[in-house]
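Each remark here refers to the structure printed beneath this line.
Chains: A, B, C, D and E, in written order; residue numbering restarts at 1 for each.
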Amino acid sequence: MSTDKEPTATRGSLRLAPNCIELEEQKAKLPRQFVNFTFYHARPEWRTVAEDDKKRSKEEFINAVDEFRKQLLIHSYSTIGLRTNVDFMIWRIGSELDPIQEMTSRLNHTQMAKYLEPAQSFLSMTKRSMYIDKDNPEHVEDRLHIIPGKSDYLFVYPFVKTREWYSRSADQRQEMMDEHIRIGTKYRSVKLHTTYSFGLDDQEFVVAFETDNPADFLDLVQELRETKASSYTLRDTPMFTCRQRTLAECLEALG
Amino acid sequence: MSTDKEPTATRGSLRLAPNCIELEEQKAKLPRQFVNFTFYHARPEWRTVAEDDKKRSKEEFINAVDEFRKQLLIHSYSTIGLRTNVDFMIWRIGSELDPIQEMTSRLNHTQMAKYLEPAQSFLSMTKRSMYIDKDNPEHVEDRLHIIPGKSDYLFVYPFVKTREWYSRSADQRQEMMDEHIRIGTKYRSVKLHTTYSFGLDDQEFVVAFETDNPADFLDLVQELRETKASSYTLRDTPMFTCRQRTLAECLEALG
Amino acid sequence: MSTDKEPTATRGSLRLAPNCIELEEQKAKLPRQFVNFTFYHARPEWRTVAEDDKKRSKEEFINAVDEFRKQLLIHSYSTIGLRTNVDFMIWRIGSELDPIQEMTSRLNHTQMAKYLEPAQSFLSMTKRSMYIDKDNPEHVEDRLHIIPGKSDYLFVYPFVKTREWYSRSADQRQEMMDEHIRIGTKYRSVKLHTTYSFGLDDQEFVVAFETDNPADFLDLVQELRETKASSYTLRDTPMFTCRQRTLAECLEALG
Amino acid sequence: MSTDKEPTATRGSLRLAPNCIELEEQKAKLPRQFVNFTFYHARPEWRTVAEDDKKRSKEEFINAVDEFRKQLLIHSYSTIGLRTNVDFMIWRIGSELDPIQEMTSRLNHTQMAKYLEPAQSFLSMTKRSMYIDKDNPEHVEDRLHIIPGKSDYLFVYPFVKTREWYSRSADQRQEMMDEHIRIGTKYRSVKLHTTYSFGLDDQEFVVAFETDNPADFLDLVQELRETKASSYTLRDTPMFTCRQRTLAECLEALG
Amino acid sequence: MSTDKEPTATRGSLRLAPNCIELEEQKAKLPRQFVNFTFYHARPEWRTVAEDDKKRSKEEFINAVDEFRKQLLIHSYSTIGLRTNVDFMIWRIGSELDPIQEMTSRLNHTQMAKYLEPAQSFLSMTKRSMYIDKDNPEHVEDRLHIIPGKSDYLFVYPFVKTREWYSRSADQRQEMMDEHIRIGTKYRSVKLHTTYSFGLDDQEFVVAFETDNPADFLDLVQELRETKASSYTLRDTPMFTCRQRTLAECLEALG
């Protein structure tokens, strides 16, 4: 598991190599990004629409989304058949919140809006993370620039730690995260994106794992259950298995 | 974070400067205000309304709201795209409950009422009359009077403390609140409004944070997790990220 | 806070004045009453009904309710604007359950039944209470005959104590209730009705507070959080703020 | 409270009289029965049906139920006005599951199925065949055979014990159950039916109390809160107060 | 209860017979399978469809399912009358996720999709490829390969262990599982399938028990409550009692 978690200011200088410090400085200058995962569900009325109207509606919806690809990084995933009540998901990343709202407003004005219900969403921000991956010095470079959506599958869920976790010392938490990361590195095919929701949405974190191999991810999550950090989990559901597909494919699967 | 938390009467006089005591006495004489946050959701049927009818309906709704601006302080926020199931929020403040009920009744008689579902609301009171109207030249913001709705973003959530909190001594609680406030003061861009719901609604408090910078607020909430007071939180969800917009803009975004 | 809680058989004779014993005997002979609070919500379809039909429907509904005023004590409250998903509440008290069912059946046959959804209800009974108000000997007489619905506001919520509460000795519980009642008596404007739901509905008690001054009630509930008894609360939500109104006023507010 | 709880095999012989042992042996040979409680709710569309169609629909529904009275013991209860979201309940008892499914399928083919929503159900089994049909002259109620549905009221709820309960020794549990039963026997008007749902439905037990006097049942449940066994209750809601009525009466009350 | 739980690698060699070790090695090489249980609910609108259209719709739906029997093992179960809100269940097993999504998309394009709501689903994986098709003459059931769907009843539920379980040593857990399995082996008629959902869906495991005798299963689950392992259960609901039926029979029961 490659992570995008970064060195923290609380680390002693012994563990922070000079180039890491530079990296930290670089990061501090990097603007933060807003992240939004919205899961849509087709209302049954969609299936009563005439084929021609369906076709036009889908094209209009896809075009409306495309209008925002200049302002936002946008990826789409199909959840058809993998979970009830959600049919597809749109992952949006941008440096401002307004385009996310504008895009949603634009989609609300399409014909498909009559038939699509946003069933669940997670709002978060990227941030300088405070946990370090001490075993992988090479990893560092990549973590400044993450290219999302490169794998077939995305596994997304909200995450809330118990308040007891936050009463542990920084050292104790670092030690527990080291164990966590050590296990993660055994699963090279799995890439973790951690984003932050404190105060913005019901969860503390939104975690999103990319991989081409669901079995690897399942084994990783099961193995992580045995870590000490795992016992400080308050909530980590609902969990969404998402298959990367073009938006056209996502809409076609709605029936 | 500037707070509108008053020093409590249980604090020793050593810590309360004389002018603070005077301030407290002034406050005790001020009447209290009712506060209501109502989140609305557009039913899918709204999107089947003809454009002309939509336009008229929106105008009628806006006018109906405006009728009550003499009796109530009213602010509107768009939540489109930031959370499913709520599309906009109306924040109302008044010295009586009746106008809040009358306004809701009035809105129920508009055409838009067919298509708008109040999806969530929070009812609370101030412990003193603290909000004033910025458009009223006679009103001056000072330590006793706050002009609400001056920032781009409002973050609102209900808050319930564990019963264990209430079994701690007044001194212990004051000490924990002091730590809490100390952290808050590091985030100057964030302004906290605490109102009280004991017995009036499901939560104990409604907390509303105003800021122009969501990242500051996120960092503040994350930092507050490490305080002792935080471990006495029983519930602090759902959390709503709200973008200040005119009511016309809020309605336009519904599609 | 005046309470309708009565002396218990477990009290020693020293604390029970002779006239109290007589009172107890009187009470034992008093039949118990059934109590039902039903909260109604208008479906959006109501707002599509023609004005004339609305008028007739409302009159028919009011007349149907009035038919049962001989058999049941009936009070109505508007909750419009104070909480989503409930619009008004009907409080019914009677010596038999059958009229409560017959009245509901009768209402189901009205035109308005198509548009009204009973969204929440609480079923309970009155009973000889076991807690005593040792500080208010004069209170006793009134507590045999309570006249409900004399205040502008009613605050209603279900109440469940932790099972640990029931494992405390009668003396310990009495002591905690004494503290509870002592605080209540400071709020003279607030009157408490406690009724019992054990086995009849999901809660153990339904508590209903009457007052003309919501702020007093809020302060009372907040102060009660600091009592020992409060730590034995398992559930006390949802909480409903209800404004006494004629049924005609309640229906008019639906739009 | 008379109970249909059998003395357990773990009880010492000193406490089991010889005829009890024989009784136990008899019971072990008796086949077991399936029990199903289904609560129905009328959709608002029901109230838009023409009176003639309503009449025919109700007759057809009643006839469809009657077809299964040879294979199943069937009792009906009205819950109108006593709890929102459920209007009536059908209690079915049979030696096989298939007739329960066949009857539901048959009801799904009636006109009323368009307007009736099964809102809640409990599936369970007896540990022996204990219910008999009072209309069958060959059937005699004795300690092994219970005729259900002989009282005006039925109180039904699901029941789950804490896992800690199951870690107590058989003797400890027996002692706690003895206390429980001792209190129950004080309420002669209340008759308890315990059935078992382990693995078949979300609860461990479905408990159903029959009585003509709701106040007795309420007092019993309140008194049972003070037993040791009560502290091992994990869940005992939702609780349904059900009034025995003919199916025709149940349907008439729907409006 | 025969189980498909493998002896774990943590067990000492003394307890693993040589042929078991070989078996383990064989298993490790076997590919894994995806498993999906989807529960469907007929919307009330289904009952308004003309008989002829119903017939055609059912045939089309059955044919659409049959198209996927080459790529997926598919079994159907009726839940009519045994639980509200779900009417039938389709159990799918395959070596790839894509056919599960393609089949769902195909079903969404049928006429019945207008009337069927997927109400609940569970997604999981085997830890090895264990299921085979009984209709394929080349497939032989042995210790590595299980033919699913050979019993009248299937009992399905999600399963989450407490985090405390995962902090117990491998030996302690093995000892607890040994007790669990020892009890299971007393119920020869019950066959357990355990599949894994870590990270893929809200539960950790999906457990599915096959038997022709529901009473045996009920007794097994009740007896398992007394094991030590049982005290580490965090969630094991909702529980579904499913009756194996052809898809035609499942659809016929919808009305």
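Criterion: contacts are C-beta pairs under 8 Å (C-beta built on N, C-alpha and C of every residue); 3 or more make two chains touch, one makes a residue touch a chain.
The structure presented is a predicted model; accordingly, all values stated were derived computationally and were not measured.
Chains that count as touching both chain D and chain E, per the definition above, do not exist in this structure. Work out the mean CA point of chain C and of chain D, and you get 29 Å between them. With centres defined as mean CA coordinates, chain E is found 48 Å away from chain C. Touching of two or more other chains is recorded for no residue of chain A.
If the chains shown are joined wherever they touch, the resulting network closes on itself as one ring, and no chain has more or fewer than two partners. Passing around the ring starting with chain C, then chain D, and so on, the chain order reads C, D, E, A, B. Chain C meets chain D in the complex at residues 32, 34, 36, 38, 43, 45, 97-98, 100-101, 103-105, 107-110, 113-115, 117-121, 123, 125, 127, 163-164, 166-167, 196-202, 204. Within the complex formed with chain A, the chain B residues making contact are 42, 44, 47-48, 78, 80-85, 155, 157, 209, 214-215, 217-222, 225-226, 228, 230-231, 233, 237-239, 241, 243, 252-255.
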